[in-house]
Structures are given as structure tokens and as C-alpha cells.
Amino acid sequence: MQERTQSVWQRMLGIDRRWLYLVLFVNIVTFLVAPIRMPASISPPVQKFYDEIEKLQPGDLVMISSNWSASTLAENQPQLEAVIAHLMRKQARFTIISIEAQSRDISYRLAERVTKDKGYQYGEQWAHFGFVPNLIVAIKGMVNDLPNTIKQDVRGTAVNQLPVVRGVKSLSDYKMIIDVTPSGTLPIWISYSPKNVPILYCPTSVMAAEAYTYLDSGQIKGMITGAKGAQEYEQLLGVVGLGTRFMNAISFSHVLIILFILLGNFAMLMNRLQLRREG
Amino acid sequence: MGVLNHLIAQQSVWQLPEGSRVLFATLIVLGAFVLFLGLIPVLQTLPPRGRRAIVVIITFLAGLFFAAEFFLPINWTAIFPKDDPTRNFLTPAIQPAQNVLQIIGALALGLGTFGLVRLHLRNVVQKRAQWGYSIVLLVSFITMATFSILNTLAEKEIVERGPVLERGFSILFDYTLVQLDAAMFSLIAFYIFSAAYRAFRIRSIEASILMFTAMLVMIGVVPLGAYLSYTLLGLPEGAAPEGANFLTQVQHNIGLPKIANWVLTQLNAPAQRAIEFGVGIGGLAMAIRLWLSLERGVT
Amino acid sequence: MSYQHAQDNWFAAIVIGFIALAVLLNILRARMGAQLYIRRIPGLDAIDEAIGRSTELGRPVTMIPGLTAFGVVAVQALTIFKYITKQIARFATPMRLLSADATVFAVAQEAIADAYNEAGRPDLYDADNIRFLSDRQFAFASGVAGLIQRERVAASFMFGEFYAESLIFAETGNMVGAIQIAGTVSFTQVPFFVAACDYTIIGDEFYATSAYLSREPVLLGSLVGQDIAKLLFALTAVGGVIASTIAGTDAPIIKLLGQPGGWEAFWSSLGGGGGQ
């Protein structure tokens, strides 16, 4: 029996996915190293985020909730670096809190590195509160009595001995909460944090879609969406950071995906035409 | 109520001197343990209906506790002047209740880990199909657990942090676990590519609209969209000036980033919100059914 | 001030009370014999087809509750898995339930054992088929993907709360040609499931699943109550749009409705104090 040979269109439709992966890999590597810089158009949520931090006065206290670990480093690290850079520019004080051990280690090391360059003193202008296993309980506790909920910082110093939070009794004494996260922590912050403290949000790109509702209702005051948002933020700050470096690869990966979607559709149409012609 | 409130608020047992506190805590834990062990045979002797009644009562009381804490009025200072005005008499018990939940979770984690190790030990002993993978799992498990425990002990200065521990933990955590995590997440990019290639096909009007909208957003949200719209096509960036004519307003609003933002905020957000309402209401209804033991699914 | 008690925002408390009332009254109505209608959900009708295919091929069925922590979502997911297990027990089709949460795992063991008992095949229950893999997201994802590949599963049911690992499961299942049905309340993951699965159950359809599968009056009544509550939300939204269009967003009545806080804030707004 003679085996029917596949047409080029059929072969395109049933292409081994490993070829697709190879093309994407080459594309990402190429544009990660390619020295092309394309300015971003600043999206409204990022602009709002920036404007909100611009309102801070020197010495204002900000709580950063950093809950990302190695897996989403490519999206959350550029965000956190850009945000801390802006806070330091505004001479704001900040404290960081995490919900698991790996996020604590990563955010602590990152903050230590970026603050050292700018002469920010640990304990005086910033501190890390370590990690809390249950965010709801921690927020409720911090609203009522922050020093007794956190007790000690990541270095083992009692919170009421830290100059950065001297006189702070509750989360209500903070001027802002910034949630840098790949997971669903935002609704918890919205539900339980004090209503007088505005919330800013730095999600991964995939989580951003569900946050537009909160942005619209004013429950969050601004949003940096993944590495793409970080690039816009870096542009607003006038620095070249990880977001800007990653963006080419992301841009051209989007183009590649669109090209292949079009190619797949073209192959499907041609295949249909051919089958119709063959009856 | 005032006495109870005072007792809970002061948490007097936990403010005792160190020695008495340990003694009290040990007695409480032992008491709970004995009570629990005693309850098991009692429950076993009960007929299924009786057992179910106990489960229903405990579920109801636990649910009632959290519901009452939320709904009961706060600020009882008119009756109990020394009370904290931001809470009611049940509020101080929330933290211990959450702790109990965490302890149950930790015990379940032990159970889960035991089950996993038992399964793979059996695979190896009985030389079931693909038992080599089980050896990899067991060796990785033991190695990682050993170094993690030693590292925690070193952090508490119970054991000395030698170069083997330092280097070993760093290799396992920083150079293995962290990297594997990142690698697994990055796999998603490749899977999105193949899924999009396969799924985005113009099979109907709806599918076509979906595909073209997705393309507009994908290009609109990255700098390439801005480059194409504002540099290559020369469209005006930013909002249209007050009183601009229709054509100028159109030009100001057809840049790809503008379209992408419009899709995200005007189409995506309302749809998400509607789904969110449905999910929230569904979750609440489910919680009520569970609380009142009307849901017979897993019970 | 934060919303930690009903008194912090009585409006929310009243809405919660209304939903609860709507649900309970309709459960009562259904118990008293009212005939209630539920529309077709194709994804749930396909469960039997997927089980049939697994049985024909003699390859396992996987059930994955995602990263769901123990709570209402997990209970709903386990209810669905219990139903599926009862169906597969009739044909002695092999199954694997893979969990990332230890508490869900412990309850799942009981639920699946019950399902085999209720189906009259307690002999088919094997505790090793219900597995806790890891509570780390991507360790769990790689464990599931590995199992799907090695055992070439024929049907994959994913119900629960999912995050970034959703596409890893769905695309791996697609690679081995499994029929895949997913249902999730995590709407950011819906696009991935739609792209890679045969059927996807979206949003509150997930909570309708047990009512759909069992047709129990209590569950059907609850569903009607939920729909009434949704109608209230929709009417509030439409009413709000009309009122703010006519009266303007700065009108006192509009500001009053958007007023957070307890009754004190409510009364002070009425008295022209502007509240908080």
C-alpha cells in the first residue's frame, strides 16, 4: 500500500514543537545580547505609580511586601530594584516583609546591595522584617500593634530598637504599601490593610490582568506590570536597569509568536484549499 | 464576659516566668494529647450517625467562631472601659486559632512527606517499573534535608558552620534549587509559544476577533508597539488637546499602546470583575453550605 | 482603620448577609420540592467521555487540584474528584491524584477511599495513588509533568486554584495526547487552559459543578441563590452608572454610597459632615 505523503502545509501544521522551542530560544538569546534600545511608551498605571511615589516627603515610611523567589526573578527583580531606587531618591524610609524563606533571603540580599551603593543605613533608613508564615494574621496584627507582631527584624534586633520604625505603633503610621509579588497576595493587602494607606502593586505580567479592576476602583493607586512595566519605570527614573535589558528579548518574542500564529493560520488555510481542490 | 475578655487579652499564661510557662505549656500539650487519644476510641464506638453529628457540631462551632468574631460589634469601652476599642472579646482568640490551623498544616506536611518516602521506598524495594527515579528522589530528599537541618542548626549556633556545610548548602540551594525553580518557570515561555501556535486558529468569527485582539495587545504593550506607532507611523503621542477636531482625536487614540491599554482597561477589566463577583459569591455560598454541613461532597 | 470587622464597613456586611439569605432561602425552597433548572455545561458532560477513553487505552487518569490550599476551593475540587473516582471505579481504570498541599492530600485520601467504598469497589483503593509531591510550586509542577510523561496518562482533570504551573500541566498533557478538562477560579490561568485543554470550566461554573453532577436539591437551590445575588450586583452596578450619570459623581448621594466605615460615618455623611 502506498503511503500518502504529507503536503508542506500539513507538515507545517504538525511541526514538532521542539523546532518551535529552538526558534524561540535563539530569538531570546539573540535579542538579549543585541545592543538595540527602544524607548517605551509609559502606560497609565506605571505613570500613576511614579506620581504616587513622587508625592512622598523625605523621611516618609513605606512598607514593601516582597514575596517573589527565584522563579519569577526576571520580572520581579527589576521592579523591586526600580522601586527602591525611587524611594531612595525621595529619601523615604522603608521596611520589607516576605511570606516565605526564599523571598526573604532574596529581597534582603537585593536591598542590601542596592542600598549600600547609595549609602542608605540598615536600621536607620531601611530594615527587613523577615518572613511571616500567614499574611492575613500578620497584617491584622500589624494594624493593631506592629512591634509586638513582628517582634524582631531579620538580623535579630528587636523592632522597637530599630530607629527606622521609632514611634511606629501600627501599619496606619506608614505612608504607603508596595506589594511586589507573583502570587495572589494583593486581595489580602486590600482587605486587611488600613484604608488610609495607599497600595501600589508590582505583579508579574500574567497576574496584572486581574488587577485592572482594583486600579479602576482606586483600591490600588498604581501598577508596574512585570519586566515591561519595570522598563517604563526605569525610563521615568532615567536609568538603565534589568527591565530595559530584558525588554528587547520580550518584544521580539512577542513578534515571533505573532509571526508563527499567522504562519499557522496561513498553513491551515492553504491546507484547506488544497484538500478542497483534491475533492 | 469581662473576666473572659481580660483573661484572653492579658494572655496571662504566656506572661508567666519562663520556668512556669514551659511547665504550663507542657501540661496543656499533654492534656490535649491525652484528650485527643481518648476521643478516638469513643468516636470509633459511635454509630456513623453519631459520628456525623459530632463532625457537624464541631464544624458549626468553628465556623460560628470566625463569623461571630467578624460580625459582633467592636468597641465595648462603654461597658468595659479598659478594653481595646478596635476589637471584640473574640478577637484575641483569632491568633491562637490561626496557630492551631498552622500546626494542623505542619502535621499534615509530615504525613504527606511520609507517604511520599514510603511510596518510593516500596518502588525501590520491589523494583517496580522506573525505580531508578525513586532512588534519585530518595537520595535528593535525604541530602537536601540533611543540609537544610544542619544549616538551620548552624543559624541558631547549635552546630558549627564548617566549610563543607557552607559550600554544600550553597551548591544545593543557590546553585541547584533556585536555578531549577527559575528553569521550570521559564519553560512556560516555550509552552505558551507552542500552545499559541496550535490554538490561535481562525476557525470562527469569535476566534478571529480573539486572535486579532490578542495580537494588538501583544504588540501594543511592548516598546515595539510604541516604535511602530509613534516613530515609524508618526502618530501623535499623549492625549489630544482640548477642543481638537475629530480627526486629531482619532490620531491621538489609534497608537498601538493606546489600543492595548483600552482593551485591558475597558474590555478585560469589566469581564474580569464580573467573573470575580461570580467566584466570590460562589465561594461564599460554598462556605455557608460547608458551615451548615449541607454540602455532602467529601464529608 | 481597616476592614477587619463588620462594623468597619456595614455596607459589606449587609451584602454578605443578603447573599447568605438568598442562598439559604433557595436551599429551603428546593428542599420543599421546587423544580430548579440548571443549564448544560459541556466540560462536565465530557468527563464520562474522558474516562471512557482512559479505560479503552488502559492508561491512568490524573486528578490535579493545583496549588489549592485547604478551603472551599479544595473541597469543591475534591467533590468533583470523588465523582470521577466513582465513575472510574466501575471500570477499574487506574488513577493518580497529585497534590501540592499536605492538608488537601490528607483529606483526599479519605475522600477517594470513600468514593471506592460507595462505588462498591473498596478493593481498588490504593493509598499510593494519592500522592503529595511537594509544596514548592515548581517542584510540584515538574513532578506532575514527569508523571504525565512517564505514565502517558489518557485523561487529565485539573480542578482548583492554579498559578503559573497551569500551562506546564496542560501542555504536557497535550503532548501525550490526553483528554484534558480544567476548571478553575484563578481567572488569570483561564487563557492557558483554554489554549491547551479540551474543555475549560470558568469562574463560578466551578462552584456549580457539584450541583450539576449530583442534581441534589440543596446544591441546586444554593445555585439559584447565587444567581439572585449576582443579579443584585449587576443591578447595583447599573443603578450606580445611571445615578452617577444623572446626578454627577460629586453628588452627595453618590459619595454616600461609596462611603467606607460603619454607621457613624454613614450618619455623619447624612448630616452633611462629609464623613471620612
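Read from first to last, the chains carry the letters A, B and C; within each, the first residue is number 1.
Definition applied: a residue touches a chain if its C-beta (ideal position, glycine included) is under 8 Å from a C-beta of that chain, and two chains touch if they have at least 3 such contacts.
Note that the coordinates shown come from a computational prediction; the quantities given were computed from them, not determined experimentally.
**Q** Any idea whether B-C or A-B has more C-beta pairs in contact?
**A** B-C
**Q** Taking each chain's centre as the mean of its C-alpha atoms, which one lies nearest the mean of all protein C-alpha atoms here?
**A** Centre-most chain by C-alpha means: B.
**Q** State, to the nearest whole Å, the distance from the C-alpha centre of subunit A to the C-alpha centre of subunit C.
**A** From the centre of subunit A to the centre of subunit C is 27 Å.
**Q** Please compute the C-alpha centroid of subunit A, do the same for subunit B, then give the distance between them in whole Å.
**A** 18
**Q** Residues of subunit A touching 2+ other chains?
**A** Touching at least two other chains: 17, 71-72, 140, 209-210.
**Q** Quick check: what residues of subunit C touch more than one other chain, meaning two or more?
**A** Those would be 4, 137-138, 164, 187.
**Q** Enumerate the residues of subunit B that touch no fewer than two other chains.
**A** 86-87, 181, 184-185, 192, 194, 196, 198, 200, 272, 276
**Q** Which positions of subunit A touch subunit C when the two form their complex?
**A** Touch residues, subunit A against subunit C: 17, 71-72, 139-140, 143, 171-172, 182-184, 191-196, 204, 206-207, 209-210.
**Q** Please give the residue numbers of subunit A that touch subunit B in the complex, ascending.
**A** Touch list, subunit A to subunit B: 15, 17, 20-21, 24-25, 28, 38-41, 43-44, 69-74, 102, 133-134, 136-137, 140-141, 144, 209-210, 212-213, 215-216, 225, 228, 231, 247, 250-258, 260-261, 264-265, 268-269.
**Q** Quick check on the complex: what are the subunit C residues that touch subunit A?
**A** The contact residues of subunit C facing subunit A are 1-4, 137-138, 163-164, 175, 186-188, 260.
**Q** Would you pull the subunit B residues touching subunit A in the complex into a rising list?
**A** 84, 86-87, 94-95, 98, 102, 177-179, 181-182, 184-186, 189-190, 192-194, 196-198, 200-202, 211, 215, 218-219, 221-227, 229-230, 237, 255, 257, 261, 264-265, 268-269, 272-273, 276
**Q** Which residues of subunit B touch subunit C in the complex?
**A** Touch list, subunit B to subunit C: 69-75, 86-88, 104-105, 108-113, 115-116, 119, 122, 130, 133, 180-181, 184-185, 187-188, 191-192, 194-196, 198-200, 272, 275-279, 281-290, 294-298.
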